[in-house]
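Structure, as structure tokens:
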């Protein structure tokens, strides 16, 4: 008898199994650390210490988490409509262009709180625009969205590098980046939040976009589970035939879902561009779009889960920096290893332990 | 005084056998001479540099050396946050009292290797492969071209840049391919100013039995008999001096521009390439060097007007 | 020849998760006979056959072939034992040629070149011996279904099958094709092959089988010699009690035409014309039934009227107004409700909770929304009311829809479509796989709708259902409406029309 | 230089740049024709480059390096197979995971073992695949038209280059002329048909992904120890994705795959060559245009403007008999 269709209680599905998957990923990562001659336990304690040990560490952790919340939501919104958007990376990149243009145009005239909402819109619009063509091709031409979004990541990277090198670069400067935004184009840090807990933010770029991320998470929850549009997206996501029967327009829903997904990815740019470096740089996304896949998978495509998973990955990124600083033998790319393992075990191998758990559970219920 | 030295490399990595390795050698030299240990860090991406610099500063490291123009804005920020810490930036200028900016007159060193290239070339065609396409690298190219032309007025100089982002410092595959293109077009000496990318250029030249010119560190030993010379840029001195000066309370801020005269740049000649350098070539380099020091030859600096005289 | 049965099953048991598909099945099939197996949808017929063929594994039980116990680990073992199977859903590679499909798994060597010649020769032989003609170089996707099925039979024969299982082979065939198939089966039997034939169609059973077994809800309830049984007995065995053929209903009181279909032509996904120039009206207060063998265009007709499928030509009018753009949402607003044939793929989203399905398609209705938001409170309250009125069990709107049984799932769909007070109701297979109690309930609701003056278009493959509910019957054959009859027309007459023989 | 010489140079560069694409796209072909999507091509190529460089360095043997490259890549294929065949996981997710894992582990191990920032030490000529000068190449050089073509494009490549071009007809032969190929193509279209024909779907798919592993192993080895003389972090630099694009562009067929890869390689070569050169009427074309072109072309193809690319029908869907 197959065990795939045996229902399990929520605490197993959403608690035990993800934790088990995560544990295996970490055990293997620990093995890698051991393999290169360092102590996995020391590495773990450095990880925690670096990410959560002081205000600055926490600030960095939350700074990274902010980006991942946006990209995780981006991936999740598309998944709810049955679409696998691998293009969050490219959409975030273009989103950076949107928010940088707004900041460059407004920073000398208005304070940040005027720039910010417009930058959110700018970043969202540019991100959405970059998702539009893959969405359109999927909706109208049936082209596989996974392939087209991968292609658009590369097209986006080429476009952005071109713009930064040839158009946006400050004449005479070496690095391909825009000028530094003035105060009006920078998002304030959230030092006061840390102070509430008696911690000091230090230099961590933990900024207002974290609050935007939380608000957006709530809005995404509302969208997916409380609106008519969300209902239609979810219907399309699990049963395209039922959606057709119910009169849910395929093309329109696919395109809207992808535009929203792209917009969410685009807004991620606010955090590094306006919240941290105060200018647009090459490769500022740094893989956050791909991390979004892991975050969404781990968070079971639910905003609350995504926030938790994003913080976990924030811990990994900040703690990983710390490890590589303290243990020069372990380079920062250890994060990629852990990330890959988490995606493998929490995503592709999510059902690996299920049959065994089902059997245990059934025995437990009987016994 | 108290010295607790730290070093942040550029993104090419510590052992690029070139720019970063030169900095490493400087730090090592200081360590063996004084017995004072140092801490270093190899950022693999642009965002990490700032964090590393700040980490060092906040833990009381002093001085903190950052090699690469990529850390310019990072140093600008962190130096303001830690006014009591001394910072050194290589290849860029940051105007802060606690920052020493070390820049090199790469055009002069490149001029010298250009002279050698021009004389060594039998085809009358030489090549240049740069890393990231930035004014700094154009400055290398421009000096090289002037040097080559000074010995062969009609020489043809091919030039390619590997890329437009930081990844261009670490792409030996493309570097090799670009060098091969130039060789196919007839170049028989190729100068690489491209960090780790240059390894591919030197390899390709060796594979095709052509000559190459290394950069930053002395790379003559990499392919003896194929590397004509290296345009050494004494980043090691910048690091070494920074530590020593801090130790001896002689640290000064401001800009240090090191050229041929200061022995900051030059063409490396050693056992590995002795057989490639004829006495005439040796004489020509010595003369060019003397002329530059004397001021009779002025090598045009590309960055002064973003143009190279043809 | 021995007296040992060709195949014998002892105590076969199989569960899919919570679904008990086969319960302690015993069956014996005599050599050189055609053995029919009948049963309602979901009775477990396909599952049982797939177990014999090694496609599924029984949880327990034993299989004997020619009296010897065998372990059928996979289909390869089944083939080696001489068992061949033609699946309900064809197992063909669409972009392969006939020859490639036949060779797949029996290539005769590492290199294809070697096997091709002998395969061609063998095909020729089978062709002449059994009248199974088909072009070996044709691509499967370009063949009509009848020929595709022939390829499936050839596949089995090519592998030397002595026992041939056919799972609902006639569901997709025209009567002429079905007749041809039966002739082939008889030839096979006369040559000593054993055939197991699965179908719902009692007439076919009577026409061709030697023995027949009946399955109900995963159990094997009876086996009879065909000559010694009747259609009525088999029907009763299938559903478990005397079939209620007549529903209490009064005279119809038809009003003006609500739905008018004019010269409608519809193609299916493969571009084959399935509905060909069809015209009819449905008036207020009447039930129009469409009778026909499955696959004669009824599904496409319903989908076109419901706005799910775009017609190639013709006109559909609702209340005299042309529907020019296929849009189910707008049609719903205009008062057209649709109970689809396939509740699992269309009518319901099985992963959703019950209350969500109770508004599927109506979720944009003002009663269920507040601005862009869904009014969850109103929806859940409404769902609870429907659950009570339709006796949907368990009465829990927060339960996942997949966890309701088939009959209760159907009630969820029926309740949703009826309760928004439509003008026009189109219904496909209202009681497929639904138990008797629920059938009666659903039938009564349909009659009540008619009496309330609604126009109803009903499609069902169950002739009895059509006859007991309809006020007028249209018969569809090969995409045409071949005639109109009143419900008192004899079964015989309708049957002939459905077979395209009489008009 | 006259135009013909330029053409010859660009062509020889095209060949060098296409080889990893050809191997990798063929790898994708085997996997995807069997119904297993493989966006982990990038990771497998990178992983095998690392393994090949390490082993070639340690043993001084290019062939052992190749063996290690293949082993590493096949091992990764098996992970992908375990996730997507045995455990019916999402194939895209599994591929993404492999790409991340390899991007990280090669640097982590490389740094730990060699301490050169993720690079492996420079290889000696013995431990690399050297250029092979075909007989008469030097003599032929002066023959007009064909001479340079023979001497500069056809001759002077390493053995893996020739193997890549042999792999194309060989793959075609395997897919269309052998039992294994017939079954492999069938399982990508309708695994049910394969299963009911008595063939194990899982084992067949495992063999297909292992074929993919072997071919990716060649690609990675080529990168590290034929084209260059060391492993460098991220040295695959998106070539796996370009190969994927080429595979789609070639509509999942072996011979068109070769031409698609040559086209994309040509664009790359052209980008190098056109750098800083003026094109009449347009001026200097930014390299980014050439970089983006393969992806743009593939999207245009996918949009259905140049024929239709229909992927194998069962692609990306795990095979389940029982729900």
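Going in written order, the chains are labelled A, B, C and D, and every chain counts its residues from 1.
To be clear about the criterion, a residue touches a chain if its C-beta (ideal position, glycine included) is under 8 Å from a C-beta of that chain, and two chains touch if they have at least 3 such contacts.
The UniProt protein names, listed by chain, are A = Nucleoside ABC transporter membrane protein; C = Simple sugar transport system ATP-binding protein; D = ABC transporter permease.
The shown structure was predicted, so the numbers you read here are calculated from the model rather than taken from an experiment.
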The chain pair joined by the most C-beta contacts is A-D
Need the most distant chain from chain C, centre defined as the mean of C-alpha atoms. B
Counting in whole Å, what is the centre-to-centre distance of chain C and chain D, each centre being its mean C-alpha position? 47
CA centroid of chain A to CA centroid of chain C, Å: 46
Rounded Å distance between chain A and chain D, as computed from the means of their C-alpha atoms: 30
Distance in whole angstrom between the CA centres of chain B and chain C is 77
Touching at least 2 other chains, the residues of chain B are 42, 44, 164
Counting only residues that touch at least two other chains, what does the list for chain D look like? 107, 118, 233, 288, 322-323
In chain A, residues with contacts to at least two other chains: 2, 4-5, 161, 165, 331, 333
For this structure, give each pair of chains that are touching. A-B, A-C, A-D, B-D, C-D
Would you tell me which residues of chain A are touching chain D in their complex? 2, 4-5, 32, 35-37, 84, 86, 133-134, 137, 141-144, 146-148, 150-152, 154-155, 158-159, 161-162, 165-166, 290, 293, 297, 329-331, 333-341, 343-344, 347-352
For chain A, which residues count as touching chain B in their complex? 60, 161, 165, 172, 174-176, 180, 202-203, 272, 277, 279, 281-284, 286, 321, 325, 328, 331-333
Touching chain A in the complex, chain C uses residues 14-18, 59, 306-308, 327-332, 338, 340, 342, 345-352, 356, 360-361, 363-364, 369, 372-374, 376, 403
Complex interface listing, chain D residues touching chain A: 37, 39, 79, 82-84, 87-94, 96-105, 107-109, 111-113, 118, 233, 238, 241, 244-245, 248, 286, 288-289, 291-292, 295-296, 298-299, 302-304, 311, 320, 322-323
Considering the complex alone, what residue numbers of chain B touch chain A? 40-42, 44-48, 51-52, 54-55, 58, 69-70, 72-73, 78, 81, 92, 133-136, 164-166, 303, 306
